[in-house]
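Here you go, one structure.
Letters A, B and C mark the chains in the order given here, with residues in each chain numbered from 1 onward.
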Amino acid sequence: MSIQTTPVQTATDRRRVQFEGSLGDRIMRALCIGGSLIVGLALIDVVYQIVSGARPAISKLGLGFLVHTAWAPNLKHFGALPMLYGTGVVSAMALIIAVPVSLAIAIYLSMFAPKVVRAVVGPLVELLAAIPSVIVGFFGIIVLAPLIQKIEPGLHSALGFTGIFGSGQTTGLSIFTAGLLVTVMVIPIIASLSRDLFLSVPRELKDGAEALGATQWEVIRGVVFPTTFSGVSAAVMLGLGRALGEAIAVASVIGGGETISKSLFQPGNTLAARITIEIQYIENNLQRSALFYLAVILLAMSLTVNLLARAVARRYDVHRAVV
Amino acid sequence: MSDLSAFNPPPFDPTAPLTPSGNLRRRQFVSRMVVGGATTAAAAAVAVLGVVTYTVIHHGAGALSVGFLIHDPPQYGGPGGGIASAIVGSAIIVGLGAIIAVPLGVLCALYLVEFAGPRSRPGQVLQLAIDMMQGLPTIVVGLFILGLVVLPEHADSGFAASLTLALIMLPLIARTTQEVLRTVPQGLRDASDALGVDRWRAVLTVILPSAASGILTGTILAIARAAGETAPVLVVDGTFANKTTIDMFGHAVPNLPVLVWELIEQPTSSGLQRAWGAALVLLTLILIANIGARVLLARNRKRMGM
Amino acid sequence: MTPEFLDPATEPLKLAGTDPDLPPRVRLSPIQEQPTVAPMARQAGLDHSATRQVVFDIRDMSVFYGEKKALDHVTMPIYRNVVTAVIGPSGCGKSTFIRSLNRMNDSIVGFRVGGQVLYHGHDVYARATNRVEVRRRIGMVFQKPNPFPKSIYDNIAWAPRNLGMKGNMDERVERALRNAAIWDEVKDRLKTSALALSGGQQQRLCIARSIAVEPDVLLLDEPASALDPIATASIEELLHRLKSRYTIVIVTHNMQQAARVADRTAFFSLDPIDRVGTLVEYASTDTIFSHPADTRTRDYVTGRFG
């Protein structure tokens, strides 16, 4: 999948005033405009619906919602902080692991892999993105969580002083497990986009660096990375957007915790996961509205990240349809 | 102050053998470590794909049988039965979703490529809207339809799921269609203009057909993506019965991803077994669609000489 | 072929076939010799093959891209502190030839070298030869200026930093820029982006970048072909200055340029039947242009073809 960098010049570039076209032309134009309007309106309506669904909760709970931790629907207490914390930690962990790994994969595929390997492994990495979250979550519950449960005591005894390695026992359903799953889901996005970006670095620049007696790594560090920096940043942001919105895989393994704890190996929750699980068990309208409030926060975060990615990408078109 | 326009001799002996001089040994060691790390990372990614796929196949193969695929689950839960209802249901809701999303997506792409130039205001706004829509968390899309359709109707429905999936598919289809339309050579448009052919006729008979394969590819990939969506469909179409049904307006329709999810939640071993089976079916369909679409894409690109 | 040398430090090249309409070559003031560099041909003898050190001893070199042979059995010595030009019609393998001297063709699929390329007696393509070390000693400037997207200062300083070259970096940068005759133009904006420079300035920057690592040899692959005449003239002036320190090989499709800058010239041509590049004649520039031995050479330099 290549990155579009220069759009083909279309007719309208050359002839701006021309639509005194035939009836057929005008109908087609109207249809296209109509379709576009529907899409634009749908997006606006999404925001409207989410916000209006949240309004009762916003007016009742206010901004305190963002800092409270209790979540008791029957008592009409709602606090988003554990979810904010969980979303933040899971996303951060995913990015911290995924970015170096994805860049390494992208470097390998663009610079070192023999042609045959590139042709096979490249699509395989992209296919990783196609695995549905529910299956990733399933895999997480059955395979990963027990594995984490087994190795956590070891990690705790070795690194427990840092505090993030928990209490020496865990069910395996934890923020850490969710973070690992999200990492796996984010890597293909960043890796594929970065690979294309690295491939687009002009041959002359790399030649120029090699002709100065630089090693491969020096060429990467001195020429490839700086040239593609803004594009890769945008790709990372798109990965972040994915991480923020991941619901079902996270919900499978995060354990539905209600509190914030320093240990990564305790259960937790994220915005998306909480909404997904709890929306099926609504006891009262305020609860539903509170979930919509969570969605407002999630929506705001996603849109911000997306807009940032766009702003950063500038000349790279990273919003590919397909990873 | 030394004369800075005089030359320095080479800091090495040019007649020495062509083996690493100076700090080259160390630098190449570092470089080789990096290459090794990169190769390991790529291998790890492939390994993860392999492990997940293998796990699903290994656990799910036991559940697979012809009966599994063509029978419905037991009416009121319990062991036995198949997942036919979910397969049919997924096909229905994804199919309807595609029927909604494809025309809209293609129209948007047509607008962006054929009518709005790169600098036109409405074009930029639409492009922004499509990009934003692509970045919406799918659970948010689900909540949108929940508020728009499900709550007023007081009922989950397959139709609501279709609407949700349509919104998820739309930006993907619009994007791939856009990219494909852009690769249609300007010469084609110029030639038909020069022949005095109406623009709409050119679009319908020349431009769209030449882009058709790319649009198809994009649609297949979008469908594969939508078929695996669980969270939003759970929200608007979660309470389905275990019968094959095509009555999607006002009734919830079974579907594969949500079925997998619900079976996972069941602590029985037979439920889990069926979950693996369903997961295997889902994964197989999605991977086949993906691979098929990419093969199509590659062949298309070769044909266009890219 | 007996090598005949003109002493380029004192005599302007008077050549038959030089275009009288071109601006006259600028005479440089005599260059101060550096005591560490071998004295230039003070002996105004005719046969210098014994006194002039051989830097490249190319023996029977052939180049293959997979099955296709690109260069056939090239044999020629390249001498120290001499500007050697490689001329010939397009497609005759000049670029392939020069890039093969410092292993810049290695990444091309199917690239293979027959025969030997000996650099100071060491086989450039031997197994034990370290490719990065080769390039450290034999630098290259390319046809299209390729400054890094960094500041001017960082462009020059980048490679010396990698190599761990000792000494004051500011001095090193200034020395390189002075010797590339671009210091005065950029000294006040060393921290600004190199991409803001004009084409001619960028190319001189690339030359400065190459000499900043103090290589032994400088290869230039049509360095002025992308530049306007004024920028071209400034590059040509540079070469006269640089050859007191570096061995220079320059590929050019411009015969007059070869006549202006080179001491020795190699004429390559494309065999019309099997489309393989061959070395036709290699002699002092004066010989090639005023009394070439081969008819093909005569045809080329008098403009009878290509």
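The rule is short, and it goes like this: contacts are C-beta pairs under 8 Å (C-beta built on N, C-alpha and C of every residue); 3 or more make two chains touch, one makes a residue touch a chain.
What you are looking at is a predicted structure, and each value in this text was computed from that prediction instead of being measured.
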* Sort out for me whether A-B or B-C is joined by the greater number of C-beta contact pairs. => A-B
* To do: Name the chain whose C-alpha centroid is farthest from the C-alpha centroid of chain A.
  => C
* Distance from chain C to chain B - Cα centre to Cα centre, in angstrom -> 52
* Structure fact -> Cα centroid separation, chain A vs chain B, in Å, comes to 14
* Asked: Which chain C residues reach two or more other chains?
  -> 132-133, 136-137, 162-163, 215
* Structure fact -> So chain B residues touching two or more other chains come to 24, 27-28
* By residue number and range, which residues of chain A touch two or more other chains? -> 213, 215, 218
* **Contact footprint of chain B on chain C as seen in their complex** => 32, 34, 36-37, 55, 119-124, 126, 128-130, 132-134, 136-137, 162-165, 171, 174-175, 178-179, 214-216, 244-245
* Structure fact -> So, in the complex, the side of chain C touching chain A is made of residues 102, 104, 109, 132-133, 135-137, 139-142, 144, 146-150, 158-159, 162-163, 206, 209-210, 213, 215
* What residues on chain B touch chain A, complex-wise? -> 24, 27-28, 30-31, 34-35, 37-42, 44-46, 48-49, 51-52, 55-56, 59, 103-104, 106-108, 110-111, 113-118, 120, 122, 125-126, 128-141, 143-144, 146-148, 167, 170-176, 179, 182-186, 189-190, 193, 198-201, 203, 218, 221-222, 224-225, 227-231, 234-235, 238, 257, 260-261, 264, 275-276, 279, 282-283, 286-287, 290-291, 294, 297, 306
* Give every residue of chain B touching chain C within the complex, in rising order. => 2, 4-12, 14-15, 17-24, 27-28
* Note which residues of chain A are touching chain C in the complex, please. => 115, 202, 204-205, 207-215, 218, 222-223, 226-227
